[in-house]
Amino acid sequence: MKKERRKLDGNSFLLVITIALFLVMYVVGCILFKTQGFAKTQNFLNLFISNAGLIVIAVGMTIVMITGGIDISVGSVVAMVCMILAWTMEMAGWGAIWSTVFVLAIGLVFGFVQGWLVAYLKIQPFIVTLAGMFFARGMTAVISKEMISIKNEMFLSWAQCKIYLPFGGYINKKGMLIKPYIYPSVIIAIFILIAVFLVLKYTKFGRSIYAIGGNEQSALMMGLNVKRTKLKAYMLEGFLASLGGFLFCLNTCSGFVEQAKGLEMDAIASSVIGGTLLTGGVGNVIGSLFGVLIKGTIEAFITFQGTLSSWWTRITIAAMLCFFIVLQSVFAAAKEKNKK
Amino acid sequence: MEQDVVLTMRDISKNFPGVKALQNVDFTLRKGEIHALMGENGAGKSTLIKVLTGVEEFESGEIQIEGADTAIINRSPQEAQANGISTVYQEVNLCPNLSVAENLFIGREPKRAGMIDWRTMKKKSRELLEGLDIHIDVSVAVENYSIAIQQMLAIARAVDMSAKVLILDEPTSSLDDGEVEKLFGLMRRLRDQGVGIIFVTHFLEQVYAVCDRITVLRNGALVGEFKVEELPRVQLVAKMMGKDFDDLAAIKKEGMQNRIKGEVAISAKKLGHKGTIRPFDLDIHKGEVIGLTGLLGSGRSELARSIYGADKPDMGELFVKGKKLLVGAPLDAMMAGMAYLPENRKEEGIISDLSVRENIIIALQAKRGLFHLLSRKEQEEFTDKYIDVLQIKTADRETPIRQLSGGNQQKVILGRWLLTNPDFLILDEPTRGIDIGTKTEIQKLVLQLAEQGMAVMFISSEIEEMIRTCSRMAVLRDGAKVGELEESELHQNSIMKAIAGGGN
Amino acid sequence: AEEDLITVGYAQVGAESDWRTANTESFKSTFTEENGYKLIFDDAQQKQENQIKAIRSFIQQEVDYIVVAPVVETGWETVLQEAADAGIPVILSDRMMDLADDSLYTCWVGGNFTLEGETCGDWLAAYLEEQGRGEEEINIVTIQGTIGASAQIGRTEGFAKKLAEHENWKMLDMQSGEFTQAKGQEVMESFLKSYDDIDVVICENDNEAFGAIDAIKAAGKTCGPDGDIIVVSFDAVKAAFDSMIAGDLNATFECNPLHGPRVAEIIQKLEAGEEVEKIQYVDEAFFDTTMDLEAIQAERAY
Amino acid sequence: MENIKKLTSKRLFMPLFCLAVMLIAAVIASPDFFKIGIQNGVLYGRIIDVINRGSEVVILAVGMTLVVSASAGTDISVGAVMAVVAAVACAFTAGGQQSVNEYIRNPLLGALLAILVGILCGCFNGFLVAKLKIQPMVATLILFTAGRGIAQLLTNGQITYVRVDSYKMLGSSIPGVPVPTSIFVTVLMVVLTMLLLKKTAMGMYIEAVGINSKAARLVGLKSTMIIFLVYAFSGFCASIAGLINSSRIYSADANNIGLNLELDAILAVALGGNSLAGGKFSLLGSVIGAYTIQTLTTTLYAGSVSSDQIPVYKAIVVVIIVSLQSPELGKLMRRLKAKFSAGAGKGAVS
């Protein structure tokens, strides 16, 4: 009993809090917007459908944040990935599969370069990825200033392939039976989430990431290959950013310069809400998933509310974010005090 | 290479800006020996070890290790490990966020089907620690344990790697006698298995208790290599210091016995901190040195911290010179004339990137307040004074403190507090990592300060040192103060008995 | 009663400009409960993915009509298909969508950016003619809008068409001022230092023109009807009238934001089961210093 | 040789060197870069533009440097705070109207109120970071998100114009004075901050807290208070920058004032050779960094690089500069060289 109690110490405790708060929030939404159908299964699934890309990206972000780094290039990388997908398929006439493989490779390379600069030249991650952010956004414009719409049939068939779930259907106002559905992107996102969870928990690479974030110097002295591990972390992150971009593109089916602006902040916020520390060493991808869901729920609140002006939307999102973060910190502080 | 030699270092040189840390140093380690590496603070011991294990690059010289035909250069601790060298560095190096088990096994985790086998890892950790008589929860993050435990963990990790060469850089600085004994048992066992062990320490008894050979460094240069039997203590000290040394016996608490206690300087009434130290009463008089003694984790540090307000006490009252003091933050305690040298130098003592000068004057500056900046000239005068008084070895007063050797860092911190001219000085392990010469100087200094009317609280794991300096002792057990020993009762035996508790 | 109201979900781009605010206001004041509507308004903060989320949410809320002012033209197939599956008609406002299947939306209401650009070219030709500079070599610079925005693309394209018709017109440089005054000023400062002899500055929105005017003045030149440099811009926000009255700006080409009433009209028709036209332009005018600007400004809604 | 070594080992050498290289590049791109003339009684020329336009980033970088130093984090809200400040100033002086040609309310009072609001924003950030121990980037994310919303709320979603000549002075120039006002303000801010840091113990306190807040507390520094103050100061800097920017366009454009300037400010701090991990800092370094960025931007404009492609060049230059500043690069080169020369012989051990 005593041991179990202890296990809940600190970080896992925060995760439990995050999940609990999410549930509370969702239930509140169901009550508040009962007549508008907040409680529909599909509404919940939409959280995943609309955020599949973000989930994958937040997972990647969590990895670099655990190493004590950060990657603010992801939003731009997503834009670049979408643009390359659109350009190669529409302008260069590539097949959807080749385009996809190509962008994933680009993500790896991008991650490699950033990772190399961070790990081997010891340049501060924020600055490296800031440059990465500029670079990717600029490259998007270099490839094409105009928007490109993806019309490739195979790609569209991936994007629009509804997978119906056998439960939770309802009859709508017009008398049609609406069955809840998801897209393949959701399945990919969940798969990635699980895979990364396992990697972080059960591989040497995963544990090294935590060690480096905890104390880089110590990790080095304990004989870990800090540089290589960091490089790998950023490569994995770059890969996940491009995969996230691919999923994002399945949702938006187009490429243009302004795409996914500020997505990095969403990813960082999700990770942090999920209990990842920017100082490194602490974090959990499951938490990040809930971070994304919480952000999604906040946004859903606002859409369902339906009368806020633009500025009130921003202020409300920020206020809820603030409320959430402060609440979390209060819980954490209380826990800390109890420990002492 | 000689038959039973596992490691040779030839002609090693290493410079830091302004410091010749190593000059043409030779070192030879043989199979199955425990080899002491001795020298004053800043002599270059840690640097030699860092050069060997790839933490620092070196400029010239050659390292050979058994099994490799050519000279090797370790570029990172990882390579050193691959070459069979396992190391415990001077400053405890563990990942605070990871569990005990992981810290023991990271980089060499037991696996099943390609995945880390957590269960086996925990089981092995428990076994490993139990072998060392440490009973802790291995799934808890390391940051929750005291320095002493952490030091034991670092040792356990290094020892378990079954290397050809084991390096221990001041592993015993935070350990109490019992733990030191355990460690020695372990070292002897490894020696018998043929492991070569390099052992750095400032405790002479320990050298004579376990070592076979001694290499002495002075100011970055090799003095010589000796067999233990051939080098009596006095000579060893002389070799380290480069001059003859009047033995420890020189320190005596002359006149102390006869002196009447001064007025009460500090008085704690039912002071306590939930979870760490139970409410205690304690009076500290002017001009006395009060020691705190107890086993590891008995709460000595916590008692001191609760007086200073480092951990804000949540019950009881504190009186300074009869006046009640509300301590909200350490600054309040400082203003009331207190000073506190913390036990964890790296985390709570040094401000690593600031210069020696800034590290020395900062406490005084904080006391004077934001707008009363000490002039540069005053700052430099003060700094030079303490560099001189405490014999701090530094290239320059503007050198960042992190570049100083461990012992010299400690002296800087001590200087910082002496500069504030406190009425009540708390020293938690002040001599940790300090060489024998300076240690004596510090003990003298403490007595001298007390003579001048300062009240001093002294915490040390070395009972002899305590006996030499303290005029009274408080005994702690399991986070509670259980008794006091007067001057007349201060003998090894009686203290041990008090610590152990009346038989239960 | 609540049930009789027609529910309209409106996915707006954001509030990035005065134009947009006026556009939003026009919807909010049209789709009121008094007029028989329930408006669910969503602001996408300039992000397409937010708009997609909003449309999905509208579908869940079972609105009667969805109105979208798309952030961008591309990438709407999937979500519009979802709306179609749920049987909800979609009306586009402002920007067009680039879709393989046009049946996914019912109709489009908006301004014609290319036409605006062309009008601008025609106006300039007429103005120069009037000034007796019809044959002179005319040096032009353009401060473009945010690259990729439909307004930027349309206006650049429209003007380019006219540019090609005049051999004596020379486009010296084009640079994006990102639709802001500050950037417009910075770009103009740079232009002025690179080229000595600029005759015309085309600003793709009013705010850029304000910045350009400041830069021109700082460089010791003058602009407007009586000045060295002709400055024209697009949008015709209120502040642009101030600028024309002050004699700094030559002309501005309207981009009408008042789409609300037009959309309401369409919805009424659809409710009555009538057919509607697929493409519906709103009326747009232009204003220059020859007009009674103060009177016009007083009447305008934005 | 000795002298060169001494020179290159100075902290500010690399940032200065990079600035110099940028300036040379600028001259190559536009030969009249250093040409200064007088136009309308005010200094005029590209170099003046750089110094003038760089004001906001420099001022923000001053505040950012201290924030980074003391809290090992960044204040990403400064751009949004600038927008709030501009909105307060304009909405107040214009009395809530959308466009005015004369002040409705006292402009000085407006400026003061605006600065106060900026400082309050800083205090809010400071409270979250120092007192509630929320990670800086996340704490400031709140105002980053809300700031422009608040600004729009104040101006009712529209750009509010104050078309009064005296309102434009801060961003342009005071009649009769040939130097743009913002340059004065910038110099004043930098010098005052320097004095504050050097003539009081504040500089040392901030560094100490940033390096080791536990140790700093034990030597009697009030870490919480210092971190709080630093954020409040950053808010103050943001409000000055916001006023300048608002004065330049004599309006409050909630969506665009200070957009992405937080990134430039952070970049300036890093280009100045400061570590984003906190601790030791050089204020002058940040200032140099800020001007380096501005020179780059102006040069790219002059070189007619399309503004949406500018980021590519910016990224490349940034990477080159920070790589040059990285001591690891030297080590790596040395190793490569050693490997090369040893390669022929024994075959290096890697």
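Residue numbering begins at 1 within each chain, and the chains themselves are lettered A, B, C and D in the order written.
Please note the rule applied: a residue touches a chain if its C-beta (ideal position, glycine included) is under 8 Å from a C-beta of that chain, and two chains touch if they have at least 3 such contacts.
No experiment lies behind these values; they were computed from the predicted model shown.
Interface comparison, A-D against A-B: more C-beta pairs in contact at A-D. Centroids of chain A and chain D (each the mean of its C-alpha atoms) stand 30 Å apart.
Averaged Cα coordinates give chain B a centre that lies 43 Å from the centre of chain D. Averaged C-alpha coordinates put the centre of chain A at 34 Å from the centre of chain C.
Annotation for chain C: residues touching 2 or more other chains are 15, 21, 24, 147-148.
Within chain A, residues 141, 145, 257, 309-311, 313-314 each touch two or more of the remaining chains.
Across the assembly, chain B contributes no residue in contact with two or more other chains. Pairwise, the chains that touch each other are A-B, A-C, A-D, B-D, C-D. Only residues 30, 32, 39-40, 42, 44-46, 49, 53, 98-99, 101, 152, 156-159, 161, 163, 172, 245, 248-249, 251, 253, 255-257, 259, 298, 301-302, 304, 306-308 of chain D touch chain C when the two sit together in their complex.
Contact residues of chain D toward chain B in the complex are 199-202, 204-205, 207-208, 211-212, 214-222, 279-280, 346, 349-350. Per the touch definition, chain C reaches chain D in the complex via residues 15-18, 21, 24, 147-148, 173, 175-178, 180-183, 185-187, 189-190, 193-194, 207, 210-211, 214, 217-220, 238-239, 242. Residues of chain A that touch chain D in their complex: 70, 117, 120-124, 126-128, 130-135, 137-139, 141-142, 145, 257, 265, 268-269, 272, 277-279, 309-315, 317-319, 321-322, 325-326, 329-330, 332-333. Those residues of chain D whose C-beta lies close enough to touch chain A in the complex are 72-74, 128, 132-139, 141-146, 148-153, 157, 254, 263, 266-267, 270, 275-277, 306, 308-316, 318-319, 322-323, 326-329, 332.
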